[in-house]
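Got a structure for you, questions after.
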Amino acid sequence: MKLSKETARDMLYKLYSARIFEERVNEMFMRGMIHGTTHLSVGQEGVAVGAIYATNKDDLMMSSHRGHSHCIAKEADVKKMMCELLGREPGFCKGMGGSMHIVDIESNNYGANGIIGPAIPIATGVALALKKDKENKIIIDFFGDGTSNTGVFHEALNMAQLWKLPIVYICENNQYGMSTSVEKTVSVPNIADRAVAYGMPGVVVDGNDVFAMMEAVGEAAERARRGDGPTLIEAKTYRWLGHSKSDKRAYRTREEEAEWKAKCPIMRFEQYMLKDGFKDDELKAIYKQAEDYMEEAVEYAMAAPIVSLDEAKSLVYA
Amino acid sequence: MKLSKETARDMLYKLYSARIFEERVNEMFMRGMIHGTTHLSVGQEGVAVGAIYATNKDDLMMSSHRGHSHCIAKEADVKKMMCELLGREPGFCKGMGGSMHIVDIESNNYGANGIIGPAIPIATGVALALKKDKENKIIIDFFGDGTSNTGVFHEALNMAQLWKLPIVYICENNQYGMSTSVEKTVSVPNIADRAVAYGMPGVVVDGNDVFAMMEAVGEAAERARRGDGPTLIEAKTYRWLGHSKSDKRAYRTREEEAEWKAKCPIMRFEQYMLKDGFKDDELKAIYKQAEDYMEEAVEYAMAAPIVSLDEAKSLVYA
Amino acid sequence: MAVITFKQAITDALREEMRRDEKIFMMGEDMGIYGGCFGITNGFLEEFGEERLMDTPIVESGFTSMAVGAAMAGYRPIVEYMFSDFVTIAMDALVNQAAKQRFMLGGQVKIPMVVRTPTGSGSGAAAQHSQSLEAWFCHVPGLKVIMPSTPYDAKGLLKAAIRDDNPVLFFEHKIGYSVKGEVPDDDYVIPIGKADVKRAGKDITIISYSYTLQKALKAAEMLEKDGIDAEVVDLRTLSPLDTQTIIESAKKTGRVLITHEGVQNYGVGAEVAGVIGDSEAFFYLDRPIKRFGGDFIPIPYSPELEAQVVPQVETIYEKAKELLK
Amino acid sequence: MAVITFKQAITDALREEMRRDEKIFMMGEDMGIYGGCFGITNGFLEEFGEERLMDTPIVESGFTSMAVGAAMAGYRPIVEYMFSDFVTIAMDALVNQAAKQRFMLGGQVKIPMVVRTPTGSGSGAAAQHSQSLEAWFCHVPGLKVIMPSTPYDAKGLLKAAIRDDNPVLFFEHKIGYSVKGEVPDDDYVIPIGKADVKRAGKDITIISYSYTLQKALKAAEMLEKDGIDAEVVDLRTLSPLDTQTIIESAKKTGRVLITHEGVQNYGVGAEVAGVIGDSEAFFYLDRPIKRFGGDFIPIPYSPELEAQVVPQVETIYEKAKELLK
């Protein structure tokens, strides 16, 4: 696969932004600048960027509890994301939702969900709406390996196939649901194999290979757009950090982590770009640009106001 | 497969009893002698009798909302069943449960359930207990085609396979969930194919062939007993009557019904017995015996008392 | 004005709204050829087709969440459960998703959806098909809960629910389906959140809703024969609750009996009693605030017992008499 | 008597009971190496092994129903949900199965199982991880509901729950995990269904439970400085509710404030108010029965707002003062 220079640059910027965002948030948590909890996607950025760049801007996306990379890939302004994580008024959700509920409907980002499971049928319901709309749009839906065991996964995939809905299911198999390895929770070697149970195609992809992701999702997206129904894609990847801020990662070895870090999706994308003629300095400049904007975002967010209780209450009902 | 004369006689008695019970209950509903609703299993008796005769008396069984045949095959006294349907004190559940909740724990019959779905994980939980008990018992779990679409089916089968639980799942595909045909609700041609999604064997059986049922369930039961885990069996069959008492069956043709009636499981079993040397009169005598006992059961039940409200209240907590 | 059944009123409201707004569609089990478990959508398939009358697999959880998604994306789904007891399977979809998405997303979306479902006891369907669980949903910010007692209210409130931009639970009593009453021929809506004094009186206030309200009205007739003038308040909407009408009636009569079929403990009557006991009406009360709900027992199958565990005309009458002693 | 945290009390109760009875086993997510979301079962895997400490897939619905089956077949499962908000996924297993199986089967089985789960707000986890939904379960015949406020009560009541032959829901406030208190070294149980007067007083009764009870005690100290002698009643068990203790305290002080973190509308306070308002205490009341629960809003993520939508020490104090005017 060959990308235009501009697209490659743009994608790298997204990959860097996603990585920097998570690292910055992690640090802010450590320093007590953010309260609550969060789920970071360091190491999984390739899945998000690859998948989203295989679809159109006016295609829709639904994310998971580990959704920052998806949002960034789907053009969410990190300023508004940072505000949301800090519970501030300019945040995407006015500070009502926080990390687990970032959405950006304007950018066709239908957002994250804090409950494991229901986002799959919700995304499927959006797909039903898209089919009714007849505007040839599709939705891609990200969820974890652990989430693929939930009942609603089964219910939703069955209906999506029955009704040939325009949706691409992307299971990010990062090897663990919190501390529990996928071998202990999934009764088959590949989650993609479960597609057989719904008569839809199932595809295993190297989730750390942005190009492989683009290809698989691109094909599935076309299928969905044609009216041929859903596809289940399993993207094998790895979460570098703990599940959430309080995780000591006692359930896995440092060697295993090192092995996966060697397969860093960003590094692999950088190699492609260097091969494609980009200079090291150009890459560094892109990184710097992302980093600078992130600092701006943090500063902006720290100074931003909080909504009043009255305004919060006004949001409960339409 | 060859049965002892005694077993054959016993099985035919059960088949007849099941058929007569349903016909009698149907009539009593029409005549307003029973209130509420019920789900009759006329046409599906072969699945129940075949499956249960492939297991031991001290093996367990869990049934569905359409459970009368299962109960009768599992040695439930039709007197106590009839009492239950009439809401009387000598009923299996003292009249608290009615048709949808008949159980007979003493005979290892863990009973029916009025909610579509949860009986599958409940049976799986019983299987977990059996595994812990280490007494080499297994459980067979009946449910419908429509029920196989529920989330808990997915959740339970996954766990049963992960933990190699001693359970045999028997999906009675009677072609409809209420009025909705299986083609409209199941996204694959065979429900048994879904076993692939859990790494367990999936078997399609002619549910109207008692011997085929015995063979398939017998094998699966042995597998479960050996500690090799669960099997998903799909028994293709047909419900002759309406879903429940108020069903006009507008969703299917009388021709389709006639086709399936020609495949009557009882008739086929009678043919085997005649071939095996039984005389027509002997069969008639067995029928008469079942019929007579059913009349006795109805009379007994009609005269039986009702529990007091105080006793009912005492059943809420242990 | 035609006299029609409660059931017909529901059917009419649904048909008229489906005709009015193309964005409305229905999801549920066996709603097509079968017309739904209670025949509410008989004939809809012919008129609206499979796209707008979707027969689903038996997955209340999955299809309710799908409805949430479709609502987020601009549609107005109406979901049916065959029996209200099956809400247990869709609680996450309703409580963590439908009720909260708008709020959690800072107002970026609205969730205009209606869940309607037959509820209550009296049909001999036992403990898993006879419950009255409405109180649960009233405890959830983001939801609205409606439970009418007459064909007129049913039609007007169902239309209001369908036109509302929030998730609304609409409970229809399965025995109450046969209640008859006058319904205007023209289009009308009844505002959500307004109780209705179904019978004015001065000696005692009986507060109820849904099918039990019908029993309360009959009990009021019995009381009338004893020379007692009972006021009967129909809550109609349980959330938001019309506290003003409740308080005014309590002030007026000084004696309050709250009755419903749902289990009394932690039921709707608790909230109504709580509202009265914490209001100015407190100072006008001559007697303790009497609650009379369902017994603390699952609904038994046996018909004789089934009738005994929920309020009936006679027992409501008796409770009222006690309060007047 | 050692001074330990609420969290430690839970861990100790679980460990001691697991040692006592081989039929007990635990099911939940990440309870093994990880020790559970809040570290309650740290070290259990080593002691009890995978058979008795089962890490499940993330399927609250499926594994709760499995627990029901295992209980029917003679075991005593203890189920953990990481956050009480996830009960929404297991409602059918709890309400239509666990609560009713014994009754529906005419007493043929018992369902000795405990569901324990961290609950409440204050951890910045937003609307889907901060709810207090206990009122729902109190409305369900067949279930028991416990919600202690101190390490002593937590340990004694959890043991009672585990030894009970019925399904029990046991809610642990996640902020309350750090509350410290004395706990006897010897084995003890606290009977289910008994409230506890945590502070005797004569001017006003403050009724509460769980972590809000701790806030109520602090508010009572503030009141004391104003010369007001507040009685603080800890419900401890919400179902069955100890109506006697509630009524006696209300009679004694004549002024009642009920406070909890769960949403006020249709919350636990409604039932408590309902009980008082329909009892002889009614005749002793000097003031309306005041309820002070959570605001009718999903819990906001923003920490400032999160704190504002549930009762706090100061606001409880203020409400009490109002009632004493």
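Labels for the chains are A, B, C and D, by order of writing; each one numbers its residues from 1.
Criterion: a contact is a pair of C-beta atoms (placed from the backbone, for glycine too) under 8 Å apart; a residue touches a chain by one contact, two chains touch by 3 or more.
Small disclaimer: the values here were computed from a predicted structure and weren't measured.
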item	value
Furthest chain, CA centroid comparison against subunit A	B
Whole-Å gap separating subunit A and subunit D, where each centre is the average of the chain's CA atoms	36
Rounded Å distance between subunit B and subunit D, as computed from the means of their C-alpha atoms	41
Contacts with two or more other chains, residues of subunit C listed in rising order	56-57, 59, 61-62, 85-86, 88-89, 92, 96, 103-104, 126-128, 141-142, 295-298, 300-301
Sites on subunit A at which at least two other chains make contact	93, 95-97, 101, 113-115, 117, 149-152, 155, 158-159, 162, 184-186, 316
Graph class of chain-chain contacts, one of line, ring, star, complete, other	complete
Subunit C-facing residues of subunit A, complex	60, 91-97, 101, 103-105, 110-111, 113-115, 117-118, 120-130, 132-133, 151-152, 155-156, 158-159, 162, 315-318
Interfacial residue positions of subunit B with respect to subunit A in the complex	149-155, 157-159, 161-162, 184-189, 193-194, 196-200
Touching residues (chain side subunit D, partner subunit B) in the complex	25, 51, 56-57, 59, 61-63, 65-75, 92-93, 96-97, 102-112, 141-142, 144, 165-166
Complex contacts: residues of subunit D adjacent to subunit A	29-30, 32-34, 37, 55-59, 61-62, 85-86, 88-89, 123-129, 295-298, 300-305, 308-309
Subunit C-facing residues of subunit B, complex	35-37, 84, 87-88, 93, 95-98, 100-101, 113-117, 146-147, 149-151, 177-180, 184-186, 247, 250-251, 306-307, 309, 312-313, 316
